[in-house]
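Mind having a look at this structure? Questions to follow.
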């Protein structure tokens, strides 16, 4: 499991590390293609000189690839983020992801602290759901072409329930929505959260807590 | 031509007529599924009682259909809007559209006054572009899986350049982005814009202006 | 445990059920004291007639009480929310909470999907922390008078590490921030999340998953 | 015609080229007078050192001049923009323009992608209108002292219908609203939009399209 | 003096009393002309049915009049507010005012709690200034056609320094900016602020405080 | 009196002088701890490299101190601001203050141009009030633990009415709310506001105006 999650962590670390950003909802200009070489960090990413921008900058072809799903969760994720690989999204208020799923592939429960999300199925069949703050689960099965909406900040998950592989596309309405995989955040943080917090919260024994932790090795930082 | 455009106009009219809305970027609750039967109109749509909401409300299946492209522009559009057919998008800051294209099918130059847009190709090959306020055209050819971003409010278009039919998905970051087809707004408004404005703006004769107008019969209001 | 958490759930349900709200960041008027008797629901709460508003409306005295901490988590929470018991916060962009802690009392890991939070210690000593999206834990010990900030939407927790009881005050910058207790959302939702999702996410057995679940009985809805 | 429009294009180019901006609606400081010599570009313009700011910076006298209207459209425009000639508007959420009109002078149909606008007549008589997304034209005649509002992002125009010259003042609620002259964007972009898009959208022949294009020579970029 | 200020108070009271509003910065629709007969009050004003809206609604002719300046301050103010007399400004993010000044006419120091303002001189000569939070005064003399900007929320004033009468136009970037005349708020509130607060704040005697108060008779509420 | 107020002015000057800021309501990242050594100034403060951030950065201990109240107003203020002494508040939308009051200690009438505020009493008894734009005073007496809300931008004050000393905590929902002490802004600005403006606004004589001014010596800038 570590492998896949590390790639998540690596991506997230990069996002924080470059202090990626720009005001999502109030672009001041027609565009501000991110200059990913700048290392001054504000609440937004610096713009490339418009003279260096080409039409191809506004196009993203990274989703032509298929992500490797040969890992414990059976999923592969290709992000398309302003700060990572799609600089033209800077200030436009969007981020994207393509997900490939092996059979039973699962995107474990997670939140996006700064965005709502719409997801659509491009292959297979997906069971998707979110839990709202009253504790109610809203979950459905989606077929190819169907859409589902995850409200801002709420815990949600999606899992492949087709007989074979599956694929989805996600669009989030913030350029750096953040991704917090809940189990990883709790049992795989660096440094670890005190056992007493986790055992009490989940009503589990120290042994169980330690067992879970061993499956989320601390990420290198 | 009139037929397709009328359907646009009809949809747009409905949007205005129901004075659809809610604050896109600041949801106050987990969700506020639109109650489309309320006729009190604020800057937002009333919420259904949470007790009447079901998981299926958050799911949209309307894109399983294929829109008829048998019209002068060679396109068919299926919208997914909070105020029309996807009430769960109310307050979530998204609206969606699926477009089918016959060969050479064209979504003519238009703007969304209240949103940026990302588009992806699900079938065929699309030539897409926008003109920024400096007058520069940013246009590319997109293959299946590619994405393109249209900044907020700018004139843009997309046309099928495949040998056969094509299809795209659009996501806009506002629940009621507005759609203003430029040629229709200028030559097909009700009542008509004075000829002197159009002939001077386009440097065309009265005859040409009248000719164009006849192809955009006023919509019934 | 159920008891305390049910009170959370009850509060959260009420918040959703009354579809509480108003735009947090853009008040249009000096004030708009919530009229909690209105049952029309928009993305905001209706305003009382200004003639019915008194100076006492702007004052909140509910924190004079001490909340009962005689429950499994050893905490008691008094909320001060626009939609519940402090209507003058409507449109003002704030919500408040006072928390009493027995020895070892724990506010289990949770998120506020729509707000950042500052917390201060008024009695005892608190260990508080949050996990950011890169998986790093940022945790410290706070003494009386100290403040700590939890960024918007991130998982955080606070626990009494004093020898006796403790108390804190929280201020959130949204009138309805939402409270999502992570363990409850995952193991206590109604209906339950499929076991396969939880066992895979946490790398636990069905037995462990079932064990945890039994400690989070579904809330009545 | 080219001459006037080039000046538009030149201004717009400058706006993009300097990647002018700052968050319009959320100033963080009392003021942040733009430092137009900085060439680092974020979603906002750098602030001059407050020590270099004088009271005169907050005053704009450029409208004492009268703009030359000796061009094909019969109009002259004096902008007052944070990024061009009124740096104190940086972060204040406003931009201004004064327009002089010869007899029949026309500001051709255009949009502001990022602002609503109010206009008032200071001399003469103006016929002003906008087309909303339902295709309806809302147009009136304005006398000296009258105001009119153009909603955000919608196509609008204003023309002098007085017997002599006229003048108007415009205030937009964004510091860089953007100006997109529709006819120019479509028929004068660089590079040109494919003929097939324009002829189909306007139901005109290639000859007519080419004719119009010749009147909008590509702007130098 | 009372007379003029009462009219201010009356207007402000009306604004509060009708709980006027709508989200200024995020219109959801092309327009939402205020329905001033609705008495349900949210953080926004209800929209008239679009069928009842006419082009004339978007036009404001109230500034053709000249306001009476025969009062102690020598000024007359004509507001143009969404909630009062220009319903089409609802959701558009603007409010307007025309001010007539007798010789030495003074708009006394005041703030707009929810908007920045631009002012232009249409007749005479105006001395205008604001004090920023560091205590510095930024004041200049403006001639006909000149503009000045008052940052959001700061104390400012404008006074006629011409030999005869003068006039100005103001545009604020919120539909209900609020007007708080500082001297009136402090010495003319209902009920009065305790003398001890005022005498200490201004280092004045009880006699002086009482003297000032008598000139600001409490407004009827 | 000068002494205390100068410290206000000094703080405010620093805030302006460093052109402190960042978008309060739209953080792009989990955090952006302010790098107070950067001297490039945008509408926001630069972020420290995440590698330099420690958990202690998110904690503020400055309120353990008691501020000196030995001055003419009988108050001492300890601010906790992103740009001054609590860099982790950068982009989080909060600022804080602790106030100590001698007997009768008074925080004179003031506004925060860019924030609403909640205040709570931690010692003694406080009489707090605000005046809304209709001229109505909303004032109450607060005991330990009570809260009160001051709406955005309105004039407010708080005074110790206990027999001994008192203390309060304030939380504002903007990282740089601004503080404008009304009497100081009017009678202590640099340069001074013309006497004619003040005598007319307050209906006082030149002698009284001069008397008040002498108690607000111009701050050094």
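In order of appearance the chains are A, B, C, D, E and F, and numbering begins at 1 in each one.
What we mean here is this: contacts are C-beta pairs under 8 Å (C-beta built on N, C-alpha and C of every residue); 3 or more make two chains touch, one makes a residue touch a chain.
These figures come from a predicted structure and were not determined experimentally.
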Both-way neighbours, i.e. chains that touch chain D and touch chain B: A, E
Chain whose average C-alpha position is farthest from chain C's own: D
Contact-richer chain pair [A-B vs C-E]: A-B
Self-contact between copies chain B and chain C, residue sets same or different by half: different
Distance from the mean Cα position of chain F to that of chain A, given in whole angstrom: 40
Chain B and chain F, separation of their C-alpha mean positions in angstrom: 48
Interchain centroid distance [CA atoms averaged], chain E/chain F, Å: 25
Multi-chain contact residues (two or more partners), chain A: 15-17, 22-23, 25-27, 30-31, 40, 42, 44, 113-114, 129, 132-134, 137, 139, 151-152, 154, 178
Chain pairs in mutual contact under the definition given at the outset: A-B, A-C, A-D, A-F, B-C, B-D, B-E, C-E, C-F, D-E, D-F, E-F
Complex interface listing, chain A residues touching chain F: 15-17, 19-26, 40-44, 113-114, 174-176, 178
Footprint of chain F on chain E - complex, ascending: 1, 9, 12-13, 15-17, 73, 104, 106, 108-109, 111-114, 127, 129, 131-137, 139, 151-155, 157, 159, 178-180, 182-194, 196-197, 200-204, 208, 211-212, 215-216, 218-219, 221
Contact footprint of chain C on chain F as seen in their complex: 25, 27, 30-31, 55-56, 58-61, 63-64, 80, 86, 88-89, 92-94, 96, 98, 116, 118, 120, 122, 129-130, 132-134, 137-140, 142-149, 151-152, 154, 169, 171, 173
Chain E partner contacts - residues on chain C that touch it in the complex: 22-23, 26-30, 32, 35, 38, 40, 42, 44-51, 90-91
